[in-house]
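Okay, so here's the structure we're looking at.
As written, the chains take the letters A, B, C and D, and residue 1 is the first residue of each chain.
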Amino acid sequence: MDLRSKRLNKTLDPLAVRFLDSTDEDEDLLREDLVGTAVHAEALADAGVLTPQELDLLRAAVHQAYEDAQRGQFPLKPALEDVHMNVEAWLTQRLGELGKKIHTGRSRNDQVALDLRLAARRHLMTVAHQLLRLCKALRSVADKAPEAVLPGTTHLQPAQPVAFAHWAGMHVERLVRDLERLRDAYARLNVSPLGAAALAGTSHAIDPARTAERLAFDAAFRNSLDAVSDRDFLIEIAYVHAHGAVHLSQLAEDVILWAAPAYGFLELGDAHATGSSIMPQKRNPDVFEVVRAAAATAIGELTTALAISKGLPAAYNRDLQEQKRVLVHAWRRQRKLLAVLPDAVANLTPRPERMEAAAGQGHTDATELADHLVRRGVAFRDAHGMAADAVKAADDAEKTLSELTDDELAAVLGQHAQGVRDVLGPHAAVAAKTSPGGTALERVAEQHERQAEILEDLAAFFESETMRVAAAETRLLQPTQQSKVKPA
Amino acid sequence: MDLRSKRLNKTLDPLAVRFLDSTDEDEDLLREDLVGTAVHAEALADAGVLTPQELDLLRAAVHQAYEDAQRGQFPLKPALEDVHMNVEAWLTQRLGELGKKIHTGRSRNDQVALDLRLAARRHLMTVAHQLLRLCKALRSVADKAPEAVLPGTTHLQPAQPVAFAHWAGMHVERLVRDLERLRDAYARLNVSPLGAAALAGTSHAIDPARTAERLAFDAAFRNSLDAVSDRDFLIEIAYVHAHGAVHLSQLAEDVILWAAPAYGFLELGDAHATGSSIMPQKRNPDVFEVVRAAAATAIGELTTALAISKGLPAAYNRDLQEQKRVLVHAWRRQRKLLAVLPDAVANLTPRPERMEAAAGQGHTDATELADHLVRRGVAFRDAHGMAADAVKAADDAEKTLSELTDDELAAVLGQHAQGVRDVLGPHAAVAAKTSPGGTALERVAEQHERQAEILEDLAAFFESETMRVAAAETRLLQPTQQSKVKPA
Amino acid sequence: MDLRSKRLNKTLDPLAVRFLDSTDEDEDLLREDLVGTAVHAEALADAGVLTPQELDLLRAAVHQAYEDAQRGQFPLKPALEDVHMNVEAWLTQRLGELGKKIHTGRSRNDQVALDLRLAARRHLMTVAHQLLRLCKALRSVADKAPEAVLPGTTHLQPAQPVAFAHWAGMHVERLVRDLERLRDAYARLNVSPLGAAALAGTSHAIDPARTAERLAFDAAFRNSLDAVSDRDFLIEIAYVHAHGAVHLSQLAEDVILWAAPAYGFLELGDAHATGSSIMPQKRNPDVFEVVRAAAATAIGELTTALAISKGLPAAYNRDLQEQKRVLVHAWRRQRKLLAVLPDAVANLTPRPERMEAAAGQGHTDATELADHLVRRGVAFRDAHGMAADAVKAADDAEKTLSELTDDELAAVLGQHAQGVRDVLGPHAAVAAKTSPGGTALERVAEQHERQAEILEDLAAFFESETMRVAAAETRLLQPTQQSKVKPA
Amino acid sequence: MDLRSKRLNKTLDPLAVRFLDSTDEDEDLLREDLVGTAVHAEALADAGVLTPQELDLLRAAVHQAYEDAQRGQFPLKPALEDVHMNVEAWLTQRLGELGKKIHTGRSRNDQVALDLRLAARRHLMTVAHQLLRLCKALRSVADKAPEAVLPGTTHLQPAQPVAFAHWAGMHVERLVRDLERLRDAYARLNVSPLGAAALAGTSHAIDPARTAERLAFDAAFRNSLDAVSDRDFLIEIAYVHAHGAVHLSQLAEDVILWAAPAYGFLELGDAHATGSSIMPQKRNPDVFEVVRAAAATAIGELTTALAISKGLPAAYNRDLQEQKRVLVHAWRRQRKLLAVLPDAVANLTPRPERMEAAAGQGHTDATELADHLVRRGVAFRDAHGMAADAVKAADDAEKTLSELTDDELAAVLGQHAQGVRDVLGPHAAVAAKTSPGGTALERVAEQHERQAEILEDLAAFFESETMRVAAAETRLLQPTQQSKVKPA
């Protein structure tokens, strides 16, 4: 079966076939193409293009194809260019004339748009699940050292002591926003394009809203030109991934730094550290380094996705195939990364003693000293100046602020030296930060509780959508009652 | 007043001052810094750090500063590095000791985070308003030629005829999604970071929730480390702009192509066309070309925004200043672009006669012919083949399909030639596409109505938020009752 | 054989193994790793670490491994992580103790740097060869219509007529610069890193300069820290590809536009056009659309390559593996694209009659009219104004400039109308542009000759380097004389 | 003077004027436009379009304009759109009819191409000079601690000790490649486009080669279509900057890490460290953080530059104006960054005692121990295993390798313990790496010498080109002999 136009006299150049072949990435769309074919068959039956018997035969054949695919026995042939032509050819081979009817009232343009939305939906829910696991892993590491205090840094210079659990909470906040962005992207992608046909809609009596409902989409497209050319949902996912990957790279950076002997705040799990081919003493954080690098990959993929669409004329252009290729591979990479990261994080071991030793250095309690002076009535800017003097005095004496003698303190602070010892040292400084959202341990505990609630809500949302979608798609991959009785 | 730490003996290298100076972009944050200072003063009064009288004096001074700024009499001094130090210095100069108190319990870290969120909020609402205007412009162009039909293309090859108004509706759909993304981004950015101080919260009795409410934010931060380092909202806006700019570039491409003599479907308004320094016959679409290019700029800015954050260690790093610089300039550019585009679009003149002449060429009714055959019982794939034969026959005869004689049609289609003339020609083909979302004129009209409702809802949302925010910010820029009576 | 450090108690997490596995892309480095192993064996023999007999055995084993690889019988095992460990394991299995010696004085760090440079060198020469073929294809298309004239455009508006061959020459100029950039990149990459070991050099008596010579490199590294961490050559190739891909996208855009019926200047070869699944009349330029999109892919890959390296601390970091992964796949894509493009271009058919018809429209001879007036003593700005008046008169009369009557011309140009007919019309306008580099046909011919010389020089350079490199590498993949006699 | 085409009835929309206005960035092209105008006047005189007297008047006027510009008295008026129209208007105002002649035989298309090449050439030489200064700064820091030894890291884990001066040499190598890339880019950009006119060349007897020579270009364009649309040189510079900025970000990262108390290898100069608004103890490396971030900015700018050009049809499109805008601002940023960085680097103070203390930790001498075993006849893989055992023994005993007792060493190494003490400890390990390019101090000294030679050659090249170009341009900005005598 040659689906090329009869206007073209020669067969396609073999190098062009190879160049245009999308069967590698289309393997991730095979299930989707079968789902879409089944639902389109129902629409054609509604429209009177197929008889009930023909529908049964088609549904049974789709079921058979899906079972073959499940067993790895539905290889996509590059000569047929893409998954759509492979599925149609398979059906036509088995069903004869009937197979030739299935493309009525649709086009590869709305078909590929549908397949991509179905695949994107499935991918998105997998990723959401993986991110939720990562949040749990972060929380579990925090719980290994609930009272540990480390030097919070700005500009990589010690600033003020913070709770280790507060640090973990910061990373969870970032992931919460990523999950919210996934949820928003989901709402926009969950729209059915089927029925837009090539670009103008169809003259057959097809009802896109009914199709959308059968596929558990929230709605059908409003404009057929838009439906076939819109890849916003791919770009939006590429963005959510790139932004999320940046967050993961920041987590990776903290781990890489803190696993270095100069810090030593964290120890890598043996199952997630690697050795050297030449240096026997190494414990390398390779997993985290590749995670850090993967942010750059995701940024590049987003750049590609946007730049492909830039300046494209209406409506469908084959440029969108390259976009599909890049992004399907990106999804594979993203899922592989998120499969390993939660365990790599959960296997980290905090070293509270190293954290606290470092928190005691670098005068991270100097701000607390200034705040003490403010409470005693000194204007903030003056208090800041006096604290700076105290730091200088401590440096000159090669001491921490708490190691200064009463005389040394009085020399700088005068009468305000009174009571100052209560606020010095990392634990005191942490305990003092009791403003809501601050690092005092009870505030951190509150924050963790609130995060747990939010994550539960998000988990519930993705779980229920997963169920709803699975039910709809599973039905379509099953034969109808009749066809079960007497399969083709 | 030198705000450098006393530990640093030398003044900053003048080249470094120039390199680190952010006063250019900080001009867009001056109003915000004053709002933030006013609200922080209220928080300090709540906490007992300021007396009611001190609060009045501060609020009056902020009011004064704002009035100066309005009159262009509050130039930011580069020597003071940024807007925060400029405002604090201004207050200290006028209020003496009291000015030195304002920085109690806050840090430049939460302060700049606040200013950026306030500015982002304002920017976002302006852009939303501009996009809504652009939607109206597109609709108004469609209304100039409500029945015009042009050759819809895929691969830039004529595919099927579509209504010109359908094309306009496609672009509106894209903008609707952009507006929805803005609304989602708004929800995530509308969170107050004030009270996070340097990174750990504060030991002063400050209530971030109260501050958030006063600023018309939806909530306060949950984690102080996150609050000072989070620039997700900037990156998300950069993404929404980049994605939106890609949509605008696609609109620009259509206009540039269609304003070229080879198409001639649209004519540029004289006020938006440019001539040549050397070629007297030119009517150049410069505005649309720069719009097309601006998508690349926005993609690059997004790349920058993401790549700056990649791999940054916790918590605040000065890298974020470069991010601020790039994005504030990006906002200016984006607003300037969106100021001109709606009028440039509204001034386009459609040329229905050119559209229809082209729609009649290229056999764009061939699919409709195939669908006719399907309705007469031919399987789609066979119908597709017969339609291809008809196209070949027409090409050989150098005719359009409708120009073929009855005999010529019968030679290819046999008995199925009967009734085929009813579906040939661009207007017939458009009229036939009556499936929901299709290009039949009544479907397009439905679609426009639905779009109008959605846009109205979006407009109402942004309008009401704009009012709410304006009320909150305006209150803070006014002096209190007392201070009004006897200003400082 | 487990090469993990003895300090790590557990085996690596299977998901981490999968995540870190680079054997897919390392298939493109297998030949290189064998060449590198052979040359390192020679260096170890020079240093007295291996006996001459051991060297012979190793060289024979390398030869055997290469033959296995050629026959597809050297599959890389993911469990061994990368090509280096696969090769070492293979050798150790066959050579026992001797296999364990080969890693003396080297590290995976300098080894992978070497493999990448060898592979980059080979890739680069293939691409250069493909680009030279593309230049020939462009020339051959120009030669199909040596006198054709089309409307040169600026802003996609007709500006002045130009020779079709001049257009082809423009694209060749771009490719010439791409080839020059490849040559410059080649010079920088052709440096041997072997001998840098982990990062500090080695205490064994190894001579990197001798190794470099044996590998046909131009020089050895100067700084071992740099040698193991430098991936500039990868990034530079990514840039040359991205920039080159942009040029190809511009060529593709011209072809896509000109193959559209609205222009019709070019016809796609049947072997490089595709049909539609639904619209029988289509001849779609899919190959060129994907080429256009591929520029975005290459830009994204470059972004990734740069962003991975951004901010990396000294010296080797595993982030570089992700960079390797992305770029090896990019090379495969790039070679596949350049394999198909020259034929797709060579198969284009110019349509001079369409070009000339279009060149006659749009008043593209108006500048020539203005220049005529200048030659008659009118100041350019005034001449420009008079030409604009003539254009307006022609438009009002719905004529071209040459179709204006003598009276109509005189009404606008007065006495200067004299002789003006000689410069009107597209062929006259082209013939007049006789300045060097201009579009007059004899100038275009000159230009083509000069281009041919330059391309010959470039071809000679790449050809001779290809030979030199092949000789060096082939020698290393052969067994030594002795080992040939009595293989292991 | 209105330069708009007479075909356009309305004036340009004021918002469009503002949107299209390029006078901000064109300030960097004013000198260039004057140089280009002067040289074009000479070409017109050669061609007989201008009389010698007219040439004198024009040259005198150009000189006057340049003097005004030098005194800041040549503000560009946005209403005139760009620098070209501003200069032409200025000349016409002063010279009347003569001013209107200057645009004969050129177009804004070749004019802006020329201006950009002149500006790019000047910018490039400034940057080269700045990079050479940075190389010197790196060398001067190395010279402050010529024998210091620090722990070389891979994966941020201590690997082997290296000389501090070796680290500095690594950064110099990167800069050397950047300088070479600048030199290669220079060769490609140093081509004159003047004479290409709008896109087709001109019918006036203008000789582009003569013009090129007068401007100290290496050659004239070969193809006029290419000459007006080619912005390769801008993109190539954007690439060289992005790649170079990545190198600077890597240097910045090393400095930021090493200035952190956890490392303490480097101390920031007071003139290049900043304090905190709230934390009195801080010494923040803001300059280096912004340098790190600037790599992301440069990557984004490169992305923009490439994506703007992607898919542009032949020949000039206004998209190129946006490209110009972005890149001229990028150049300003780049020069500002490189103005401050050399001093910031030169003011770093190495802390050898901190470096050496760290080098003694982390078993960085373990590879040297393995190499010792190899020299005693142990196969490398076995030696690697024994060294790993020694590391484990040391860890268990909480000692460094050199702190192990003879018995402890013998327990692991058996007879091979003999002589092992000679290779342990960071200084011994560094001294042992005597292979060329290795870290032994005498090898580092060799390397520095070789680098100095290379830098001298590069400096000589840029210096001589700077002189040659300055001579040519200065001549053109001077009045001719006659016009000096009696100025206009």
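Just so it is clear, a contact is a pair of C-beta atoms (placed from the backbone, for glycine too) under 8 Å apart; a residue touches a chain by one contact, two chains touch by 3 or more.
What you see is a predicted model; the values in this text were computed from it and never measured.
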**Fill in**
More contacting C-beta pairs: A-D or A-C? The answer is A-C
**Item:** Rotational angle, Cα trace of chain B fitted to chain C, multiple of 5°
**Value:** 180
**Whole-Å separation of chain centres (CA-atom averages), chain A against chain D** = 36
**Complete:** Between chain A and chain C, the Cα-mean centres are separated in Å by 33
**Asked** Mind pulling the chain C residues that touch 2 or more other chains?
**Response** 3, 5-7, 103, 109, 153-156, 159-160, 197-198, 257, 275-286, 289, 292, 295-296, 299, 302-303, 306-307, 310-311, 317-318, 367, 384-385, 388, 391
**Residue ranges of chain D touching chain A (in the complex, touch as defined)** = 153-160, 256-257, 259-263, 275-286, 289, 303, 307, 310-311, 358, 361-364, 366-367, 370, 384-385, 387-388, 390-391
**Request:** Write out the stretch or stretches of chain A touching chain B in their complex.
**Result:** 1, 3, 5-7, 49, 92, 97-105, 109, 152-156, 159-162, 166-167, 169-170, 173-174, 177, 180-181, 184, 188, 195-209, 220-230, 232, 235-236, 239, 242-243, 246, 249-250, 252-254, 257, 292, 295-296, 299, 302-303, 306-307, 309-318, 367-368, 371, 374-375, 379-382, 384-385, 388-389, 391-392, 395, 423, 429-430, 432-440, 443, 447, 450-451
**Prompt:** So in the complex, which bits of chain C are touching chain A?
**Reply:** 3-13, 15-16, 18-20, 84-85, 103, 106-109, 197-198, 269-287, 289-290, 292-297, 299-308, 310, 317-323, 326, 336-337, 339-340, 343-344
